[in-house]
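What follows is chain A paired twice: with chain B in the first complex and chain C in the second.
Let's look at the complex of A and B:
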């Protein structure tokens, strides 16, 4: 009896979190898969089983591929830049800059603390083609005026710019935390050997930051794939769907068009896509990462 | 400090208060006058401060009607409002009243979400006849009336009189035909090299589908025949209208191919564009912001003048108690009275929905001083119901993408509209077959 009870108690302790996981994660996932096999929209009062037809329509739809491409451009375009900026700022701000260091840290982290909606509206005005500050400075520098959010080619880069500005502070903070954990002896040894700043960064800091980088990449990819708020606030996917991304497309289908079947099919495709990307990436990164110091 | 006895006394007196209040409440309900609380979703289509005007009118109504309490819920723009309504109806918890964008009417019907209002209308002889007929086009289905016009508009052409004078045009005569529009726009455009510092004319993005419908009407065409269940996106009139747009934006380069609905009024105020197609709903904003004289005019004609009406209607929802429906009607009837309609029009720039509102003294004063407020009303003579179909949100997206692509010069008007037509027929297959 005693052993049976001993085996049971861990599961008992897990029940509270399990309840939430089931209610808010597993049940919705399976229910999305189920609904995605049905036609369920304004015209159908009850879901009608149609097998994989939603997926067939989806993959045959040019708009879906444009949305998928926009999402990839956004992810691939924002993450490397955000990471490089975060890393460079973190390394610089980890140096001894006197009392100014905290001022710089706050300045770099400040965008992260602004609510997303406020940041988006701020950039809508900065990017306004006629009266925006950014075009004002571009013209002062003798550069051509850009129509930014009005323009099919510039709208997505404009949103990416906003996202990088908004997010790099968060990743900088994580890198800073990683830097604070660096063993000082290694740098002392390097100093004795006469290594300069760049050699130390290249041979000590970067390798030791690898586990932090894995975390940053994974979190960065998940947040980038999930971009919604900036698109919703700045362009509503326009002009001509040039800024429509996959989560926004899910929202349009499920909530604006009341096409729950299609929305669910998109959700399933999206989840599978993220899972594959993350799995491949973890494989790739873990082979190159040494967690032991 | 509370000692035992004082605590007992306190509890005792509290109990008495509770009992008396309960008795009063039950007496009130015995007389059949229980407080009815109504949830009222309303959008503000163009500018935020109007939310305060609506709240103020609701408070006035509540003060006059002790047994009805309307709770206004500001629900954002038109699209989010429809989403909130859909979600609430699907969840079995509909609002009592909502102002919904008029093209959503077929979707509300398809969801069995709303009730016909004929029995209520019959209680007030002469009431419905006072409304402008063009505003009722988007309320009728199978011989019944389902929606009451509230915040209604048509697009108009705004022009900057100072800019007209600057290039030698008569500041008091706006263009009246497409040819004049193209001509004036070329003269008004200011460029240095390939840079444009002032556009001749901006046809606002965001609701370009609505503005486009006006151009199609001006060519004598129509985009969706709701009662005949027919889609006419690639009709010759539609192709002609889009061809004219592309000529302005890509051929003559006198207008920006893309823009957003919210940013073009500030563009006009900042002098970035000399003429602007936009809703009458921004009139009050322009008046308070522009530091140059400007005018509002009919949209220029092709074959004829033409406009699609726009805006929001009141609907009463299915699945609420009968007393709520009755109270909801009381509210709608009250807020669409001539006095309230004229107050709302003056505060917003929306067209007062009924002709008799313009006979009131304060409205007369307003239009004598600012005749621009009459432009949209007079344009109603050429006004038509707005295109509508079930799943309208998707209809709108399909048309907008086609327009955006053609405006960018990526595809020809014919190809863009053929594609949109095909996509529409696929999306609305079951509705079209139901005819």
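Let's look at the complex of A and C:
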């Protein structure tokens, strides 16, 4: 590393990025704190200072807690299933499979390449209560027909199913990359000891994949907290707010009801949540890295 | 670098009386299930409306037709949406490929007061999603008079912590001697970055570019908020508006729209499959 003392040039190189970084990532955080202390909606010409009232209203509203709950159910429900599917597929695909391996890989990965909005439409069609494919096959199996996106209990799981289908291929690829970096000697040693396939997965593969898993969890948590497109196109938060999640709720408040004060208060709550997740995970990652090195 | 464990799952299954065939069977079932949603949409988009309601689902349309695609273009300007998407996606990428290498160069080669803190700012942005700050950013765009423009869809992405992070890793791999030699030849700073570092970091540049294109092709919430007129809308927003407009559930046309929105990237993906898969693997690992 070269040191640049009294030299301004490093900062000049950073200016182009910093302008946009400050304008669209850091300034917004502070400005939303400021706006959240104001009443600013269709009925107020200009922002009126009201202190913490937006937060008081927010935390006193049962809908907010419903939204928080939905978001949590979504995050906690999708991540483990996505991870398990991704991991199992990666372990299977890491075997010698010949040219078919490419076919399997494409079949699992292509959903990553399509927009969430398109994924939503594919599944709205599949989940159509009357003429959807899924209900057709359910009934063929002698199972009852489900109203999916129109049903209070099934709407959120249906969205979660769509998300798992859309995302597991990406995480599978990350796990595959992790598997391809495994040291062969450990497996050879295990073979000499007479370990079977499942013992090796349990005692070698999984522990060595721990850093990969941490990465998958980090990315998984952050992307799932941001779920919006699926909700917007599949249910609009309904039925009865059973699929209303935090980003959709922000969207509703700020852009449907034009309540920027409340939208900003929600933004602050959300940013704090995300920052906590980032900080906790960074700590965790750091410890991991030291341990690895 | 890959070394195969000598005892494979196949041989383990063999020992308990199963074989590779089972492995393929499991994978075929999973692949069929994951491929089915798209195949079904494709099939629906090629059907006559009356063939959608058959009691037995027609996986292969009995009267295939392209009429739904023609109707789609008649009902909404999907060609224009495609053009807007291409403009926005390339506008984002081109600027990112200017701003990110500059920042990555400084972080990989120089230590200066505040470098740790500044790099931290980039790292946090990498993890802080645009979704979190759409409200204040919308107000900023409003104040700048940029609502309903393609520029508004690009601006927030012109600094990319992720690109800086990936490129910094790549630049660090380049040995010190290269730079010393280059400096002796009178090639330093920007010229060293352009003529030596960037060419050597080509795999990273390609990986990041592909990921950036896919990400922004698929953007939804931000373009939804800042656009208002069809003239500037991108494909994903065009699709969403079309869905609302066609609430009568004309499924063949809706599926034609869905397929059209996904097709350009999927075709690219199928053609350059290896490149895409390697890029996503590589960037994921580094991240």
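FYI, the second predicted complex is superposed on the first by the 263 of 293 C-alpha atoms of A that agree within 3 Å, B and C clash if a C-alpha of one lies under 4 Å from a C-alpha of the other, contacts with A are read in each partner's own complex, and residues count from 1 in each chain.
Keep this in mind: a contact is a pair of C-beta atoms (placed from the backbone, for glycine too) under 8 Å apart; a residue touches a chain by one contact, two chains touch by 3 or more.
None of these values were measured; they are calculated from a predicted model.
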Which superposed partner A:149 touches (first chain B, second chain C, both, neither): first
First (chain B), second (chain C), both or neither touched by A:95: second
When both partners are placed on the shared chain, which of chain B and chain C touches more of chain A: C
First, second, both or neither for A:270, with chain B first and chain C second: second
Partner chain in contact with A:255 - chain B first, chain C second, else both or neither: both
Which superposed partner A:131 touches (first chain B, second chain C, both, neither): both
Touching partner for A:53 - first (chain B), second (chain C), both, neither: neither
Intersection of the chain A residues that touch chain B with those that touch chain C: 131, 255
Complex interface listing, chain C residues touching chain A: 1-13, 15, 20, 23-24, 26-28, 30-32, 34-38, 40-41, 44, 52-53, 57, 98-100, 102-103, 105-106, 109-112, 115, 118, 121-122, 124-125, 127-140, 155-156, 158-161, 164, 189, 214, 217-218, 220-221, 224-225, 235-236, 239-240, 243, 251, 254-255, 257-258, 261-262, 265-266, 269-270, 273, 276-277, 280-282, 284-285, 287
Footprint of chain A on chain B - complex, ascending: 79, 82-83, 86-87, 90, 107, 110-111, 194-195, 205-206, 256-260, 263, 266-267, 270, 272, 390-391, 393-394, 397, 400-401, 404-405, 408, 410, 430-431
Complex contacts: residues of chain A adjacent to chain C: 1-5, 7, 9-11, 13-14, 16-21, 23-29, 31-32, 35, 89, 91-93, 95-97, 100, 102-118, 121-123, 125-126, 131, 133, 136, 165, 169-170, 173-174, 176-178, 180-184, 187-188, 190-191, 195-198, 200, 215, 218-219, 222-223, 225-226, 228-229, 232-233, 247, 250-251, 254-255, 260, 263-264, 266-267, 270-271, 274-275, 278
Chain B-touching residues of chain A, taken from the complex the two chains share: 41-43, 63, 124, 128-131, 144-145, 147, 149-152, 235-236, 238-241, 252, 255-259
